[in-house]
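Look for subunit A in each of the two complexes below; its partner is subunit B in the first and subunit C in the second.
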Partner chain A sequence: MPLSTVNNPVQAGRRYLSGNDAAAEGAIAAGCRFYGGYPITPSSEIMEYMSRELEARGGAFLQMEDEIASISSVVGASWTGAKAMTATSGPGVSLMQECLGYAAFTETPVVVVDVQRAGPCTGQATKVGAGDIMAVKWGSHGDYQVVALSPWSVQEMFSLTVEAFNLSERLRVPAFLLAEEATGHLRERVDMPETVEVYNRDYVPGEPPFGTDDPAGIPSMPSFGDGEKLMVTGSTHDRFGFRKTEGPAFHDALVRRLSNKVLSRKNEICRHEGYHLDDAELVVVAYGFTARSALSAVRAARQAGIKAGLLRLITIWPFDNELISRVAGGIKGFLVPEMNLGQVDGLVRAYAGSTPVRSLTQVNGSTISPASILAALKEMC
Partner chain B sequence: MSERKEIRIAGLGGQGVVLAGALLGEAAVKQDLYAAGSNSYGAQARGGGARADLVLDVKEIDFPHVEKPDLLVAMSQGAYDTYAPGVAEGAMVLFDSGLVTPSAPHDRFGADVTALSLNELGNRQVANVIWVGLIVGATGWWDAEVAAQAMAEFVPERFLELNKKALALGLDMGRAWGEA
Partner chain C sequence: MARSMEKYLRPEVVTTPFCPGCGHGVLMGSLLRAIDQLGLDMDQTVFVSGIGCAAWIPSPNFAADTLHTLHGRAVAFASGVKKANPDLKVIVVSGDGDLASIGGNHLIHAARRNLDLTVICANNMIYGMTGGQMAPTTPQGHLTATSVKGNPYRPFDLSKLVKGAGAPYVARGAVVRPYELIGYLKKAIASEEFAFVEVMSPCPTQYGRRNKYDSPGAMYDRLGEMCANFSDADCPLPEGALPLGEF
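Coming up: the complex of A and B.
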């Protein structure tokens, strides 16, 4: 079933809204009908919103005993046919990793909003960070893919939550909204649309739920109660869900399909924005809140006569390596400011060819100022 | 208002700083401005220093945090001492004169708002809405009618009349300051 346009169930029009509330409204607009969670700063307002609103909208809300149970409940709910989510922060993401791998391997659509705070470990609970970039991709063992989207505004806390649900449902993968404390707690003008585009998972009765002949295919997904003989296991399984742990070629093909179903669709999934890129000599690659500091810095740099541009990554995973290679041609250098010690910088370096890449890192629990980025750009001239 | 303005309202937890900031942000959006608000967050919001920052602009806001306030409202000595040195050149600094002794002679916009709230309105809880009126009146950045509409949405019905009086009280004083 392709995208369909539905009326936005939340209040449309111009509003002044917090990022976390906007993410919760995005989930409701996308059709989320199950939330299982455990509160954690700085994401808790999402859970509070869902606890107030979800049951009134025909959904179910459960406060679980911890994050392990939370993500498990979300996976279970998804198999009943519900669009399901949780919200957490870094320590919760760490606890959820085992079941996120289970979701990836069982091709279960789940959405996780990660409102990042300064880690590692408990770190600084109320302070901002962006250190979960690699954790959401590589945190569970084995090879698998996820989708991760990086909002830079309250508007996108709404719209990218909807998109996370759509991609998760369509691709049957875990999808993350990789937000940051500064955006979760930002209040901002939002123009809430009258309608939203939603994707409801594809189900063809009788079709096998765990395999296709296409080596990058996405199988039909039935739910418990549909009348199918349905089994879900985290062990290697055949296309009908039976354990099949013998046969190296079979396991190899399965793991490759799970990756390829995402990677072969990168052109449809990956989104970015460019500012002043046409004649840019220095390009800031930024994402999330830091991209707003970067845009302000790029504008100031232009006023100072520096040909700077901004490449804003909206999709972090899958990583758009072709985009980096394409932009790298003909520029003098990349600057990658991040509220971590260079997690995306390493990716940019890998695909920048001979173009120099400079990393600007800050892990002190506060946002990177436009002045810091401007100073780095001036040093690169 | 024609260009980006940065506003910082600071005081102690419990003075209604965060609510005042949210109300002003809501009012700005109602009059089609762009607004971005951030509050102090964490333990300090529950008893220690509290802060509400707001950026206003007629166009989309890139960096949404306050760096050099064009308007500072200091509701405690600690807030004044911390934030007054960092304001923009030509900034307007308003303070609660019952709680703050200003150190810079140009900071002349002081009013004993806490005492005013208690003595004139019989309730110290509405001091923050007097401040909203003062800010709207002194700066001219908001439409007073729209601010009143926003306030009505934030305040429970049974306190509406009280808050209307508080807003009007602040507006009158603020307008006088704005002309000074």
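Coming up: the complex of A and C.
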């Protein structure tokens, strides 16, 4: 089985860590062996950690000249068989987009930690935001899928980084840890496990590396130097990687397989948590750091006699539309607080049916307080 | 291509992707001869290219691992490959537009970093694939699709640029002097540091027609006249010559 339990290479037990350091440790625990990056606030501590630790653990580190080069080096490294990553923030994500599409189209596992800050543009570089939700999904041209996970704690900065690697290696897609400045710079207690579950990519010698008979299949992935004479190209290609830029049906089938290999496995990929949902009339849909404020608001609402609940999205992409439709039946309304102008709100609306959806947005560079979520819940009663 | 070189090509590849008279075919043959003479293990070699006609020299033609990347990014991809697995020989082959314009920053930084990469730039002084627009290597006054009155700007001297960025081995060859070229390519591949070979490789279709050459042959003749080897330091270069040799 490609999924195996291994000893956690980082110090186990109760520890006090920052979110960014926990993400770096998660990468090491997942088996990351290459980091290519470019400094940017508020993610740079991840790069600094990897520059100190990775080589001692048999990996390689490169500080590149920009984010375009960073993600390109990560894709190159991934084809040598190394689990590979970079970390950045909004401006870096923007620069990486063309190559993220390349990774999706060539089915290259790569992990990108995006510690989001207040955009657009250079914005408030040291302040929090969550404005990259749509950018990581739709930023590159053409149709493709990614995985994006949203941590709400330092513990999850660790565990979801491991999970991002596992999903990326298994599905052969770019996987994002969509963190926020507030979680990256948060320091809190973590219980570092003794062991971790890691997924090592599937390789069957001689199998075609870019296609299967299954229209939603995930092909075997060889590495450079295996003697497979690989043809990796960002042009449309057959199952052996041979460039094939003629033939409409052929291109159509490839683009659909790349999308369906992710979407058809949504049930295995998508994770969420529910709090007080059983009898909830008003459901807050929240993710990332905002879910912390939402949980405290929901608890306060309960004390005030409001039947509120929290649906915390852990997986953002692929989006769990069935979950929203399921929860929508039988409640009076959704509240979607976000540190952007309503990026997940639009998705919730699309699948909420006739259930009313209220958006609570804040883009002032600070986190949303429990009080503002509570006030919105009270107004919805 | 001589039969003896066929073993380095994928059996599925039956035609050349290049126009008749394109210099890239000569470069392809020269590179394979250099590889053959060195006895390079193709199973431990990765060919990385960007986007453009020149990027098709190795991809998918060469029977080795080929990584056909994005426009301009070949050197950055190659850096990741080499750093993650230093046992692999990594050879970049791409065009002047690819390596020196959109990818110029990666090129100079790779030269500075001095990883063991061999970068071969097929310089046809124009954007071939996209229809003959001005490149950063187009000589001043020459005609292109975006400079119909003549390129107003000065071109890069790529070899000097990369040398200035710190590359330990830099050479400029030309497809009209294939034996010298094979020598440079061999030295570059055998070197265990960053090595750059600029190869003057005419594009008759986009460059030749616009600049009033009657035939690919006429273009080769002119390139031959322009090329002068400066390895003999006592010999002054003729006016307008492209100095070839090791920098």
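Following the convention adopted for this analysis, the second predicted complex is superposed on the first by the 380 of 381 C-alpha atoms of A that agree within 3 Å, B and C clash if a C-alpha of one lies under 4 Å from a C-alpha of the other, contacts with A are read in each partner's own complex, and residues count from 1 in each chain.
The rule we apply is simple: a contact is a pair of C-beta atoms (placed from the backbone, for glycine too) under 8 Å apart; a residue touches a chain by one contact, two chains touch by 3 or more.
Since we're looking at a predicted model, the values are computed, not measured.
Check subunit A with both subunit B and subunit C modelled on it and let me know: fit or clash.
Partners fit side by side after overlay.
After superposition on the shared chain, which partner residues are touched by A:Arg189: those of subunit B (first), subunit C (second), both, or neither?
After superposing on A, A:Arg189 lies in contact with subunit B but is clear of subunit C.
So in the superposed three-chain picture, is A:Ala60 touching just subunit B, just subunit C, both, or none of them (first/second/both/neither)?
In the superposition, A:Ala60 touches subunit C alone.
According to the stated criteria, A:Met231 is in contact with first (subunit B), second (subunit C), both, or neither; which is it?
second
In the overlay, work out which of subunit B or subunit C sits against more residues of subunit A.
Counting residues of subunit A touched by each partner, the higher count goes to C.
Look at A:Gly36 in the shared chain and tell me whether it touches subunit B only, subunit C only, both, or neither; answer first, second, both or neither.
Second partner only.
For A:Ala77, using the defined touch cut-off, is the partner it touches subunit B, subunit C, both, or neither? Pick first, second, both or neither.
After superposing on A, A:Ala77 lies in contact with subunit C but is clear of subunit B.
For A:Arg299, decide between first (touching subunit B), second (touching subunit C), both and neither.
Touch status of A:Arg299: first partner only.
Once both structures are overlaid on their shared chain, how near does any Cα of subunit B get to a Cα of subunit C? Whole angstrom is fine.
29
Identify the residues of subunit A that lie in both the subunit B contact region and the subunit C contact region.
none
If you look only at subunit C, which of its residues touch subunit A in the complex?
Residues 10, 12, 42-44, 46, 48, 59-60, 63-70, 73, 76-81, 83-85, 87-88, 105-106, 109 of subunit C touch subunit A in their complex.
Sort out for me which residues of subunit B touch subunit A in the complex.
Those residues of subunit B that touch subunit A are 22, 25-26, 28-30, 32-39, 41-43, 61-65, 67.
Given the complex with subunit C, which residues does subunit A contribute to the contact?
Checking each residue of subunit A against subunit C gives 33-34, 36, 60, 62, 64-66, 68-70, 72-82, 84, 98-99, 102, 224-225, 227-235, 241-243.
Given the complex with subunit B, which residues does subunit A contribute to the contact?
It comes out as residues 14-16, 42, 125-127, 181-182, 185-189, 292-293, 295-296, 299, 367, 369-371.
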